[in-house]
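Quick one: the structure is below, questions incoming.
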Amino acid sequence: MSIVTGVLLGTLAETTPLLYTSLGETVAQRAGVINVGLEGILLASAFTASLTTYHIGNPYIGVGIGMLTGVAFALLFGFFALVLHADQVVTGVVFNLFALGITGTLYRFLFALHDKSLITAQLPLLHHTVTLLTPLALPAVALVWWWLYSTRSGLELRACGEQPLAADAAGISVRRTRAIALIFDGAMAGIAGAFLSVADSNTFVPNMSAGKGFIALAIVTAGRWNPIGCLVASLLFGFTNALQFQAQALGFDGLYRHIAAIFHLTTLLHRLNLDHFPYQLFLALPYLVTMLILFGSSRSTRAPAALGRPYRKE
Amino acid sequence: MSFSKSFPTKPKAIYHLLRFLSIAFLYIIGFLILLVATFAIFGVAPSKALFALQQGAFGGGSISPAYALSETLVRATPLLLTGLSIVVAWQAGMFSIGGDGQLLMGALTATVLAQLQQVVNPNLLILLMLVCGTLVGGLWGAIAGWLRVKRNVQEVISTIMLNYIALYLVGAAVVGPLQESSHSNPESNLLPDKLLFAHILPPSWSGGVTTRLHSGVFLAFLAVPIVWLYLYRTLPGFHLRLVGQNPDAARATGVLVDRIRVRAMAFSGALCGLAGVVQLLGTSERLSANFSPGWGYTAIPVALVGGLHPIGTLLSALFFGALEAGSVNAEQTLQVPASLIAIVQAAAVLAIIGVNAWRQHYPTELKD
Amino acid sequence: GRQQNAASSPTNAPPGAPSGQQPFRVALIMSGSTTDHGWNQGAYEALKAVAKKLGLSDSQIAFKEQATSADSQLESLRAFASQGYNVVIGHGEEYEQPALRIAPEFPKTLFVISSGSQVATNVTPIVFKLEDGAYLEGMLAAGMSRSGIIGAVGADPIGPVKSVFSAYALGAKAINPKINVLQPLFTNDWDDVGKAKQATLSLIGRGADVIIQDLDNAAQGVFNAVEQSNRPGHPVYALGTNSDQNGNAPDVILASAPINLYPAFLNIIQAAKEGTFKPNATPYGLKSGVIGFVYNPKLEPKIPPALKQKIDAAKQKIIDGTLVIPKAG
Amino acid sequence: MNLARDTAGSKTPLVAPSPTISSVQMQQIAKRYGTTVALDAVDFELQAGEIHALLGENGAGKSTLMHVLSGMTQPDAGTVRINNVSVHIGSPREARRLGIAMVHQHFTLVPAFTVQENLALDADISLHTLRYRAEEAAKPALNQAAALGWQLDPHARVEDLPVGIQQRIEIAKALATNAQWLIFDEPTAVLIGEEIEELFRVLRALRDSGKGIVFITHKLPEVMAIADRVTVLRRGHKVATAPIHQVHPALLAQWMVGEAPATQRAPESHSISRPLHTKTPAFRAENLTVLGDKGEKVLENISFEVYPGEIFGVGGVDGNGQTELAETLVGLRSPQSGQLFWYEGAFQPGHSPRIGYIPQDRRRHGLALTMTVEENLLFEAVKEAKYRIGPFLRRAALHDLAETLIREFDIRTPSAKLPASALSGGNQQKIVVARALHHRAEWIVAVNPVRGLDINATQFVHTQLLNAKQRGASIVLISTDLDELAALADRTVILSNRQMHPIDLTQRDATQIGLLLGGAFTKEAP
């Protein structure tokens, strides 16, 4: 395996869950609902997928259950957002807390207390590289693209996110359309969660989603609410992320010290305990890049006009 | 005159008080049921769990009330400051999630300044840390505000990104220039005693044990009236709320909406920056890569349960502080995992926002 | 400024000794979770075993896990000490400075710092010679590597981790002076399995075929990457640290260097209970049995006997004290 | 027609069907919004093969009546029958199934969508959900447009298009549904000469093919030109229905406006009429050109002046730039070109004149509904130095002020601490009025200030405006209600076609005004 393939595989591994999650969220946001609770869905579905695989032994069923978990969370979210008209951002934040608690507790009570470790079967690798879920993400992009832009229901969905009143006048049920979008959102985040625990690894670890749900949110915005945009943005994110290890590995540190020496900064940097390049700055890179994209792109594009606004009929 | 004026309002006040109490009572009963149910589901004896919670939050058994109450206060402190920060931002219609990042930037700034401990008078330095940490936190918030008004970047997204960037900046600092002397852990040196907030409770009050109750707690409590005054008693606060409630109407009365939004984010960030410094000098005593256990995120439910009002947020922060103190005790004595407490918190908050939203959407009250 | 409260009354009893009416109690504080199959779980289980051995009831031991933030680390130490726990174990170097700071306030409490190094009136370190095991693992790695390239993945470059990785490199060089030990990669996350996996894959991508890790929860990501890259003719191996991880990926883990805290904990707690403990900086290494080295029985047959002999010899020398592996730094 | 399905669900059996002429009958339709009676027992009938014009002032209830028919609004009482079969029209979708389509006055287009997407969104709902192509779905509507001679760019974004084009899209959308009953709510408001002719040709062709068409307009010549019958509504009541050959514009105008409102006129407003030319104007606009939100010119090169102690009336049908004019006059919108003067200096809102503003849309621009009544009353006052000490508000003084205003302006609220949302629409409007008028504003811009107010409140607001005038304020009163302008304004202009047209309301008769309002004067002044 060469460095290039290393970067490539690293990119794909990071991109896949982000892409699924952001695709689902794109659909939800296009319908006018913002779901900040993605992080929680990722965690919950990673857990149920792992748990199912542990007991049944078939990781595909695990992915299915992960999806259903996502849908269940989305429906609960929908109850708050669409029926009660509660604030969507707050509901999402609390859902994250809830998922963190429930997975941590269940993990503890089902495994840790019995000294069992949750190591499971894993989705098989295709050609020793990636699992089925990664290549399937591409048709998923196409599917969402096709859905949003080439089907009647996609058109209706986007109308609900832009101008619910117009959708209503055209005889479309705004609440039902948004609920469907949320269910899709949950299912996609569910797949992504399952990817973390039964495709990209063979275990569940509390808090293993490590912020991917939040990044997916940013990707939706950076990708301009467009599935292709999501693909590009998540690839970019995955790439900077994979690059950080390669840069660490490729002796970026040496380059850093070399440059420091050229500018006679070595002693100063030593005094500052900066002999080595602080690798955390690499880790911050993807977020900085996302910020830059947001900064550069948001003038030319807009969020769906009704995003986050409850629609009440009359 | 004043008598006749107050006379007819008196029964009303009692009526409102009773109504408030009955609603609060309902919430408390509901919360307790949730708590008991959750513990029961996971096989923890509810009576023991409730006792452990109460013991941790208010004292009892081997824990003196003074100690427990001081824990409750100390834990409420960062939640109060960050909760107030959410109140300010959200009242201005800015749905910031950036508390954690702003808090970290405040703590980072203070730790940088602490390097001057040899050259600057400690009390002056503490003041400097508080001021600069607050300012930098405010700056971090203002960035999100500025991005919103100038580039229409949604603050929900940009604050999350800024949180991560702050997190990694702190991470880089504590393995770099700010790392402790042995260069072994991702944390700074402990700050010297002279830079820390004084412990204010005499040990004799708490069974001979020093509590963590520190003078920084006052700052948090002081922030409540300040925020309250600002929001409800000053012109900028009036405009801030107006912008949050209806930016179009604000614009129509000549308010500079963009400026108010940036200012609100700066104020909001400043409160979090202050929280960072207060935690650093009050309890954490050093900067570390894991400085915040998520105070800035918990702040959102805290502020929301507090009705996005400073006084409500005070009560709510105390409630969350007590819950945390109690649950840490339950965790240590009964080995209830901390995650169980997260479920209880989330469920309680969901119940509250659900009930609130429902009452708003389907108003049933009749005016008399 | 803060005035530290001096000890309320000077005591003659050794720290940690049980006082009259109160039962003898021990608390353990960890920064990670008790289920991490590594550093923290090892301590958790060791204390339970010690309790059993010494007949301590459930109410006489207490745990605080996931004390990740600086304030919760300090708070937990203070909380247990103020509740009169006789022995409070801070499981990690990060507890050392806080413990030294508050120890004077709690003269009756014995603070035990895993991985610490400093001794005070009522603070004792457990000096682990993690290097002992890591050195042997380095030898094994160099001996088993076909590419002549080996690597390491960690979460944060904290002291013990750096020590492990540097001893690992020394051991490898002892077998093969020309071995290429790649610079360790750090993921900055003890929970993110995916990142650990990616870091590992990138090392493997650069030719490394034996990987050591120090990641706790996230270690499974390393094993998974190695399992995934391991194929007939091109074997790739991993090494376990901190606990016996051989079972977590039996096809690829060559050996583990577990920390067996039980003897260390037992030593200290028993002496404290008997009122005879004096803080000291005794190192615990291979000799004490605290640091171990266990081959994975499933892969053991694949290890050339000559290599095994060399490792055994080195092990003996370490136990004898004729070979001392330096700490990093 | 697929009525069979719905017949099954209807309660009333067929009664005396008239097999020859199919028709829609609306009987005793009533609709109230709060205390606003939008419709009060209105009967309306539409026959196949006719163009039925619906006339009435702003707020007469025309749109509401047709919303009932198109399923957008549920009536409080009354029945709808199609071919003598009672039907329930619960949603636009059901209306569509019954063969009813409507071109809405306020467009129901998605601004961010392309023309094609908008057309497809509304296209035949039986179209397959998955296999579907926007081009195909949009084709019938595009063809309809093409038949009208309208070349719509299917890929243009609607928000980038001028309102005239947007109107065409709405029309094409409705035509493409092949509905039997078509409702056009002011389709010509934003079309120009030839386009209107084109539309009329289509409407006639549709009528001749047997469709029933409702045509809402304010323009009398159009009614005379195209309608077969005409119904006039006034304040929620039906005034009359008549075949077109029995009416003439003057009669229609009279029906619309009702009896001459001169009797209601406040006498004292006459007494202070003053020779305007003896004073210098307080406010002057020179060659003012104002752009709308989409960048289109809504006012072009207008010049006028307002004198101190004068009410300058601006009339005209809604949507002729009233909002933009008002916003420009209070400094919320900067004009594209032209100059504004306050006495001799430049007009600088926030500095020179003290402004009172009663905006058009009180909920959007006038109130923060979640804030208290008191706070809503104080938007302006808090800025005054006398109500502050530094940044701090003088609560007691402000509270007294609010209480005074509540008393003076008779705002009916149990408490000043109630959120403004708890008040009735009329009382909400009083808050806005109170705020604009109390603080001795020198420059008052009021847009439909008595919208939603009852008679007494209306009288009160009018008196307040007159008081303000008497103390020397300069007032621009923008209103769609000519009665109001006639009663209050010293001079009146009508806004239409981006211009101001002065009219003399003192020598008015109902006919002339109706004609003016109907835009008749532009082409064929009487």
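Each chain carries a letter (A, B, C and D) given by its place in the written order, and its residues are counted from 1.
Everything that follows uses one rule, which is that contacts are C-beta pairs under 8 Å (C-beta built on N, C-alpha and C of every residue); 3 or more make two chains touch, one makes a residue touch a chain.
By chain, with names taken from UniProt: A, B = Nucleoside ABC transporter membrane protein; D = Nucleoside ABC transporter ATP-binding protein.
Given the structure is predicted, the values throughout are model-derived calculations rather than measurements.
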Output for shared partners of chain B and chain D reads A
Of A-B and A-C, the pair with more C-beta contacts is A-B
Note, CA centroid farthest from chain A's centroid sits on chain D
Averaging C-alpha coordinates per chain, one finds the centres of chain A and chain B separated by a number of Å equal to 28
For the pair chain A and chain C, the C-alpha centroid-to-centroid distance in angstrom is 34
Taking each chain's mean CA coordinate, chain A and chain D are separated, in whole Å, by 47
Cα centre of chain C to Cα centre of chain D, whole Å, reads 77
Chain B touches at least 2 other chains through residues 168, 171, 175, 183, 337-338
By the touch definition above, chain C meets two or more other chains at residues 188
Inter-chain touches occur between A-B, A-C, A-D, B-C, B-D
The residues of chain C that touch chain B in their complex are 1-5, 8, 27, 59, 62-66, 68-72, 74-76, 78-80, 82-84, 93-94, 97-98, 101, 105, 156-160, 162, 188, 329
Chain D contacts chain A in the complex at 72-73, 91-93, 96, 104, 108-113, 117, 120-122, 125, 127-134, 137
Residue set of chain C touching chain A in the complex reads 33-35, 37, 182-183, 185-186, 188-189, 191-195, 197-199, 201-206, 217-218, 220-221, 224, 228-229, 231, 248
Interface with chain A, chain B side, in the complex: residues 42-43, 95, 97, 147, 151-154, 156-158, 160-162, 164-165, 167-169, 171-173, 175-177, 179, 183, 297-298, 300-301, 304, 337-347, 349-350, 353-354, 356-358, 360-361
Seen from chain B, its contact residues with chain D in the complex are 229, 233-236, 238, 241-242, 245-246, 248-254, 367-368
